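Note that chain A is present in both complexes that follow, paired respectively with chain B and with chain C.
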Partner chain A sequence: MLASAHPWLKRDWPLLVCLSIPAILAVGLLLYMAGWVLVMSFTDLSLFGRKATEWSFIGLENYERLFTRRGFLESLWVTVIFTFFSSIIGQNILGFVLAGTLRNQPGLLRSSIESAVILGWVLPDVVAAFLWSATFTPNGLVDLAILQPLSIETRNLINDHPLLIVILANIWKGTAWSYILYSAALDSVPREVSEAAKVDGATPMQRMFFITLPMIKSHIATNCLFITIGSFVYFPLIFALTGGGPGTKTQVLSIFVYNESFSVGKLGYGSAISVAMLIIVAIMSIFYVRLLREPK
Partner chain B sequence: MQDTQKSYTTAIILALIALIWVSPFSWLAVNAVNPEADGSLSWPNSVGFQNFAEAMSGQAGGQFMNSLFLSILTSTLTVIIAVFAAYPLSRLKIPGRNAFLWALVLLRMLPATGVIVPIFFTAKSTGMLNLVGVAIAITMLNLPFTLLLLKNFFDTVPVELEEAAYSEGASFFQIMRNVMLPMSRAGIAVVWFFSFTTAWNEFLLPLIFVRKTADFPMSVGLFASFGEHSSVNYGFLASYSILYAVPAVAVYFLLRRNLNTGFAGVGVKG
Partner chain C sequence: MAIVAQTTKFSKIAWPVLAWMVGLLFFFPIFWMVLTSFKTDADAVKPEYLFWFKPTLDNYLNMTENYDYWRFARNSVITSVFATVFTLFVGIPAAYAMAFNPSRATKDVLMWMLSTKMLPAAAVLYPMTFLTKSLGLFDTHFLIIMVLSLINLPIVVWMLFTYFKEIPKDIIEAGKMDGVDTLGEIKEILVPLAWGGIASTALLCFIFCWNEAYWTVRLTTTEAATLSKLIEGNRAPEGLFFGRLSAVSTAAVGPIVVLGWFCQKQLVQGLTFGAVK
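Let's look at the complex of A and B:
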């Protein structure tokens, strides 16, 4: 390996090795922790009380609990709904539509809309949660601008439709990512192809479905996987906005893990939920890896 | 004729979308500048900046400094560790390198909530339940992505430049400082921005790691103060939110030119 290396790399290789030790340690530690979660998921370790020190291995009990007790399956369902509607339906489609329409708009309009969408993206999660909670309170923006003019009774919207509001908040927060990615993807489609089809009499819809979309297929897949995984494990905005409530209506898996591990204190059970979550993410990531590997 | 009409309609719809998009900020704006803010959405009777003064002094000001400390420490750590490890990763044909790179692609997806319990225990047993511990944890969680990104940037720097520097007698650090780093400025900017903003926004780790209000970064500070519903000082909260959001937004808009280089498509070549 060193024989083919460049002379300065050969000269300095001890230095190179030393300098990469922190990174190797960090990546190793990350892997070690993933293994640790797996081991912990077979124990009854808890955060407080007797089981914090005198824990023991209990086999697959935690995993049985995932499917027999209330909680996990409900939480998984909430997560799937949240992820599907906020990322695939919301961020993905809105991001694509925005990227497609803004391409032909004059610079000022384009850059101001871009800035508005990106502002939501770069805003810290807790501030976004604060804003959305204020927007939906009685006498908040939605109440004043929509409900009162239509003389609909004012209610606490966050209590009535928590999942919907959390989904909207995530769309608002994350669409910029899809927008940026699709803008770049559309720039890579040569204009000539689309124009040739126009000359041949293809309608805008036909051009979209038969030319543009197939050409950016890999970008669409990449984007969908990314935002799906991102929403699937999303924690701060939902936690700060609803805390998983009311009840368990917005308790997505990441909040469930947090609650079971740090509020209830059942670290073993929390780890089993983590493992289930990691497996789902790993399956999605493997899809992603295969996608990147495909020859373009 | 029909075309111009159509483009007007599109423009109006787009402007409406932008308006809806920024409309939640209205609440923030009117409450932040209203010294008698009561949390409702109404025009302030008087406009003043007392709220901002309050949000910059005392404990709140300290939390701003905590966030700054956390973010600068994280981004510095990340850039230094990633630069030195990404360089051999890019230049040396180590056996098993590709397997390692693919492992990084997978590890990049590892969610913090998935490994939060071991992270907590490790920090507890090493006495790191503080902001330094948070910085180290974020650096570790971000490293797979930052390594891949920098490696891809280093791949684009022609090796002949280093060769020339070497034949003129440059040391390793001189090659890094005078050739590699200037040539991959954009990549380093992305890594720096990415780690700075993740640390600035990070909520879960400080929530678990930090117990004392004086040690909170702004994310947890803001969360803690809007949880107390009994006597909420809305003017303070609104101006605090703005002060917390400004650096994150500013950093993005300052660096946006550098950031267009693919965030998502970090793959492995060859």
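Let's look at the complex of A and C:
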């Protein structure tokens, strides 16, 4: 449209394509890898042993295994719990409450708490894992500060409540994102609307649920899209903190893929799980994008 | 009316208190790590020394011999800086093309870029390792720089795109009328105008590169190993070596925290990248 309205913009098309080539190549390489994964998912390729070289196509067998063998469905369930409680409930709501609370607060309070929340977010996952294991391990922070002074028996809290701690860790790590997004979203709501409702006698709760929330609906959907995808495929912190254990209690799908592919060595099966994950995430994304597109 | 007044009074105190508590909870583990880094390994696991202890710098002074810290730090700096520069170098022209010559494909390209985040990294590890080993690139700075650029390119292009979109097209067109060619436009007009946006994008990209802990751990052994690999490789089961591990972790995140702290505002603006408009 723009090009036809301003003929001189046409002149640069070949050059513009050239400019984009490196970026297109980079994305192309990622897609190429994804294609490789798709092909592997139809084979019995293995990391070690005979099938590492003499592999063959086995059709949909890997996909059948997703449902016939133990592992995938359990892992999917863990992932759903992890994603739902850490992102949709935890990061989302905490981020929103913080954003709503802090925007009317004096600068010092706001910026200190903002720093604390963002600090967790900028820390590398491996350091976050060290912090969390140092907090809950025997002789760790909780043990030293609470359990030992009260002479409560030392326990390995990470082994006792692994999923809970992994969820807490993810909330700690990711809330900054929701907080920042919601701060900006709340700034985009005109004050007059809220003021007008206040004059009409709406309570703060009513203003929140009937005015503010509907107005930032698309931002909520955007945020949920990002954090759901992020948590669903999240790997480094959980892997460094629990490695998926004890047993399979925190074995989310991304760790399941890793273990099946590189500990068990079944690359084909691992790839099939990845493809299944991709499909699930894609469906969730379409769902959110639909929400976004709904007429205002 | 009275009830409304009461609730507002209550909420005027309750919400800030709650916010402070959340802030403290978020901050405390980090504070404790920094504190522990000044304790000896023996003091670090004694409850009576939780806050009162004799501070020592030994953990930091011995960091080089305990963990060979500087070698890893050097690798982190090299790979993050070059990856950031390279990503911007590739990303700016691409974002320019998308922002000023939008076509029907633009939105799709953005969606495709988002979709690269959907595939679990574990799935791509095998093809990636296979490729890098057969090209003889395993454990080289070049490889890590390329991988970091590749991972961050989608988000960088996306962020730049939203910044560039804000620039009035008239200015670019005026440049065209004056006979400036496309490269000139990018260099002379676009980059100076969008400097703030480019800087926050670069900052964010640098932080992501520095923090990357999946590929840097798995595609290196010694030569190009970064701080992530150092931290990942040293755990502290049951408080073993708490002091020295805290010190090396603090030193590993120091640059990033200082950077993030200085640029908090740009970071906050940059992150919302037009998702909110």
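Keep in mind that, in the parts below, the second predicted complex is superposed on the first by the 255 of 296 C-alpha atoms of A that agree within 3 Å, B and C clash if a C-alpha of one lies under 4 Å from a C-alpha of the other, contacts with A are read in each partner's own complex, and residues count from 1 in each chain.
As a working rule, contacts are C-beta pairs under 8 Å (C-beta built on N, C-alpha and C of every residue); 3 or more make two chains touch, one makes a residue touch a chain.
Bear in mind that the values here come from a model prediction, so they are computed numbers and not experimental data.
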Which superposed partner A:T135 touches (first chain B, second chain C, both, neither): both
Contacts of A:F48 with chain B and chain C, given as first, second, both or neither: neither
Contacts of A:A34 with chain B and chain C, given as first, second, both or neither: both
Partner chain in contact with A:L267 - chain B first, chain C second, else both or neither: both
Which of chain B and chain C A:S285 touches, first, second, both or neither: both
First (chain B), second (chain C), both or neither touched by A:Q148: second
Overlap of chain C and chain B interfaces on chain A (superposed complexes): 6, 8-9, 12, 15-17, 19-20, 22-24, 26-27, 29-31, 33-34, 36-37, 40, 98, 101-102, 105, 109, 112-113, 115-120, 122-127, 130-135, 137, 139-141, 144-145, 172, 177, 180-181, 184, 222-223, 226, 229, 233, 235-236, 240, 253-254, 257-258, 261-262, 267, 270-271, 274-275, 277-278, 281-282, 285
Residue numbers on chain A that touch chain C, as the complex places them: 2-3, 6, 8-9, 12-13, 15-17, 19-20, 22-24, 26-27, 29-31, 33-34, 36-37, 40, 47, 94, 97-98, 101-102, 105, 109, 111-120, 122-127, 130-135, 137-141, 144-145, 148-149, 172, 175, 177, 180-181, 183-185, 188, 203-204, 219, 222-223, 226, 229-230, 233, 235-236, 240, 253-255, 257-258, 261-262, 267, 270-271, 274-275, 277-278, 281-282, 285
List of chain A residues in touch with chain B within their complex: 1, 4-9, 11-12, 15-17, 19-20, 22-24, 26-27, 29-34, 36-37, 40, 98, 101-102, 104-105, 109, 112-113, 115-120, 122-127, 129-135, 137, 139-141, 144-145, 172, 177, 180-181, 184, 222-223, 226, 229, 232-233, 235-236, 239-240, 253-254, 257-258, 261-262, 267, 270-271, 274-275, 277-278, 281-282, 284-286, 288-289, 292-293
Chain C - residues contacting chain A, complex: 4, 7-8, 11, 15-16, 18-20, 22-24, 26-30, 32-33, 36, 45-47, 50, 90-91, 93-94, 96-98, 100-102, 109, 112-128, 149-150, 153-154, 157, 169, 173, 176-177, 181-183, 207, 210-214, 217, 227-228, 231-232, 235-239, 242, 245-246, 249, 252-253, 256-257, 260-261, 264, 267-268, 271-272, 275-277
Chain A-facing residues of chain B, complex: 7, 10-11, 14-15, 17-18, 21-28, 39-41, 81-82, 84-85, 87-89, 91-95, 102-107, 109-120, 122, 139-141, 143-144, 147, 159, 162-163, 166, 170-172, 175, 197, 200-201, 203-204, 208, 218-220, 222-223, 226, 237, 241, 244-245, 248-249, 251-253, 260, 262-265, 267-268
